[in-house]
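What follows is a pair of complexes built around subunit A, which joins subunit B in one and subunit C in the other.
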Partner chain A sequence: MWRDALLVAGKDLRIEARSKVGLGQVVPFALVVVLLFGLALGPAAGRGSVLSLAAPGLYWVAVLLATVLAVQRSFAIEALDGASDGLKLSGLDPAGIFVGKAAAVCGQLLALEVVLAGAVALLYDRHLAGGLLLVASCVAATVGLVSVGTIYGVVSSGTRQRETLLPLLFFPMVAPILLAATKAWDAALAGTPGRGAGWLDVLAVFAVAYLAMGTVAFGPLLEDA
Partner chain B sequence: MSLTTTPTGPGRAGTAVPPAQPTALGPTGGSGVGSVPGRETVRQRRSGRDAAVTATGALALVGVVATVWLGLWVTPPDRFMGNLVRLLYIHPSIAWVMYVCYGVAFLASLLYLWPRTRSLRFDKLAGASSEVGVVFTGLTLVTGSIWGRPTWGVWWTWDPLLTTTALLFVLYLGYLAVRRIPGEPEVCARRSAIAALVAFVDVPICYFSVLWWRSLHQAPTVADPITGKTYVHGSMAWTLLLSFVTFTLVYVWLVARRYRLFVLAEREGDEGLALAIEERRAESLQGHA
Partner chain C sequence: MGPVISLRDAVSLSGRFPLLAGVTLDVAGGEVVHLRGPNGAGKSSLLRLCAGLVPIASGTAFVLGHDLRADRQSVRREVGLLGHASFLYDDLSVERNVRFAVRAARADLRGVDEALDRLGLGGRLRSTLVGSLSAGQRRRAALAVVVARRARLWLLDEPHAGLDAMGRTSVDELVRAASASGTTVLLASHELDRASRLADRVVVVAGGRVVAAAEPGATGVPAAQGAEGDETRQIAPAGEAEEDGRDVA
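Right, the complex of A and B next:
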């Protein structure tokens, strides 16, 4: 399974390195969202302003929106030229395909989160404190996000309504992640990482639960897609 | 055909899960030779089932009328809440039905995925039950909101139960959207069943994460499970009990009707195609003649 996962993840990341869709479209999109929040809730910045207080939540909403795009992209590359048939016939372990695709999106999203964190710190004037909690919650939350995204990505990929179906399925599902990740970041940025530890647990539970579910459910879903 | 030997009678027809629909056109098509007695039996069985469903519907209607009468005229106003307490006779029972709906949909999806019990009947049951569930979730939110405004002073609050219920609503709207993805019945059923399981697993996670977040909703105070003491007495208790039974009957009736609609829609799909082919064939023959 792990070898298959590495293979699939390598393939997806190579496609991304050559096409640069994530870098050229998803990252700019997330930055646009951060700017839009500034326009909606600004113009005041600095300590105590709405933007600064809401920074953790706005950051995670931007990540959620970017995740949908990244997942859609991840399945769009399988949609053309019979690539999905090739994947089904390749004899790779479906659980491996799931982990591989999720890992590739996860890697891209983690890179995006670093850029976005810089943008939020700069534009919303929040000092990025509590580094370890920030990183840990990012990793746990992203694993959960891409697990759900990959499960629903394959559900909606074979249909004609994939652009509208995926967000409808995805957002309600990851509401607990948004909640927990925002709270964890809130605690970290406020300089009280102790308060965020419990939320990190929630993120971990969610990540493990959906990662496990995806490895089981992905096979039958891929066959049908 | 095994149909002719199947025992008939309305005795086993009281459940929300009607047996398989053997009337759908078999591979032999319309006028099979041995199908006449089988059809008779099926007709009898179905009429028994229909009678049971109609009886459930009638009982549910009587129950609703009785609940309205008891709830609005017979029971006294509450010492603290006044007439607002009358929402007690609809809001908890509607919420109860909502949980029943999703529970049944979850179990039916599990039964569909389990190879030994795999049957499209369970897929239809899951679809019918979750559709009713979405309606009752909407009703739970609306009645809760109407109750919340005068008692808490707000239409909406970010309380764990409320937030989770709102998420349930959109979650299962998404599930219904998955159900509508066109495709082969077996493929759709499997996809929907997995989606139902995934959605169901999310519910407790949602609940507990929001529970941490904040809390205001009153804990259930109808009865104390530890001391066994009840807090609702006399006519109020009876009306409350009646409302639970009534809304459960309403649920059974709605699901049975919705299930029947699924079966009919499927038949229309099958027979409609055959009919259309017949018609086109007749047209072309006429054209030649």
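Right, the complex of A and C next:
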């Protein structure tokens, strides 16, 4: 499985490096979302401002929206010229395909989250304290998000309504991740990382559960796609 | 050694629509079989069934010794399918695409260079993005995947389509060489004369069934590609012809 996962992840990342869709579209999109939140909630004026207080939640909403785009892109490359049939014919372990595709999106999202964190610090006037908790919650939340996204990405890829179906399926499932990640970031930014440890555990549980679910379910879902 | 393909009353459905309505067919190792029939007859579906891409609803199907009802994954790893689509990634080079497919199939990477050269995809073309290729070059790249994977069974759907004269000749040579080395080839083609020259046997498919089989030169093997009736009216049923021990006429 791991060999196949590496092969698929390498292929997807190579395609992204060549097409630059992530860099040219997903990153600017997420930055625009962060900027629009800033415009909607007024200028950041110190720690007491609405924007500053809402920064963790706004950050994760932006990440969520970007995840949908990244997952859609991940399956769009399989929809061209029968590539999804090619993937089935390849003989690759479906669990390996799942882990590989999720890992490739995960890598892209983690890079995006670094950029977005900088934007939030700058635009929302928040000091990025509690670095360890921030990073750990980013990793755990991102694994959970891309696992769910990859599961529903393959479900929606076989339908004509794929662009609208994916967010419809995805957002309700990741609501607990959004909540836990926001709470963990809130605790970290407030300088009380101990308060966020429990939320980090929640994120880790969801990440492991969704990852396990994906490795089991992806094969049958790919067959039906 | 048993047949490489052994289908008995194989039915395949797309929803409630029958893609194959009860196909019975045996193909021996190293044999080249030309599938012919009108559009919508079920040739492509038959190839996709043998590749393990579409499920079997009833009947039995064994390909390369694997039961398609129980294990389609093993079949997929061992066959090479050239379909209507190329199964290639536009944003990867020709060589990267072929290498990915070969690695996925756990085949020998040394086959990549040989396949690319044999299909005229060496030199500058090997590093060209598939999205930049012409339709004919793209077709050759898709065929290079089949060749490089060194599959034991080639399933070729209109392999000559979109190719220039040189490309068509290359395909013919590849099929002959593959057959000589023991690879079994099932090819669907509307290029009747060309495909029949390659084939050891012609199988006529109509209405999702095999309706006749004969050696390529046999009298009465239809040349028409029109309506279903045109394909079938001159031919005795495959089973009947075999039982009588005579040519299909």
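Annotations for the structure displayed:
Convention: the second predicted complex is superposed on the first by the 224 of 225 C-alpha atoms of A that agree within 3 Å, B and C clash if a C-alpha of one lies under 4 Å from a C-alpha of the other, contacts with A are read in each partner's own complex, and residues count from 1 in each chain.
One rule holds for everything that comes next: a contact is a pair of C-beta atoms (placed from the backbone, for glycine too) under 8 Å apart; a residue touches a chain by one contact, two chains touch by 3 or more.
What you see is a predicted model, and the numbers here were worked out from it, not measured in a lab.
When both complexes are overlaid on chain A, the residue A:Arg126 reaches neither subunit B nor subunit C.
Touch criterion met: A:Arg14 reaches subunit C, while subunit B stays clear of it. When the two complexes are overlaid on their common chain A, residue A:Ala209 makes contact with subunit B while staying clear of subunit C. Touch criterion not met for A:Arg73: it reaches neither subunit B nor subunit C. Counting residues of subunit A touched by each partner, subunit B versus subunit C, the larger count belongs to B. Contacts of A:Asp85 after superposition: subunit C is touched, whereas subunit B is not reached.
With both structures placed on the common chain, the touch criterion links A:Gln161 to subunit B but leaves subunit C unconnected. On the side of subunit A, the complex with subunit C involves touching residues 4, 7, 11, 14-15, 18-19, 77, 80-83, 85-86, 88-92, 223. Taken together, the subunit A residues at the contact with subunit B in this complex read 151, 155-156, 158-159, 161, 165, 168-169, 171-173, 175-176, 179-180, 183, 198-199, 202, 205-206, 209, 213, 217, 220-221, 224. Across the complex, subunit A is touched by residues 51-53, 55, 73-74, 76-79, 81, 83-92, 96, 100-101, 103-106, 129 of subunit C. Across the interface of their complex, subunit A is touched by residues 167, 170-171, 173-174, 177-178, 181-183, 187, 190-191, 194-195, 197-199, 201-202, 205-206, 208-210, 212-213 of subunit B.
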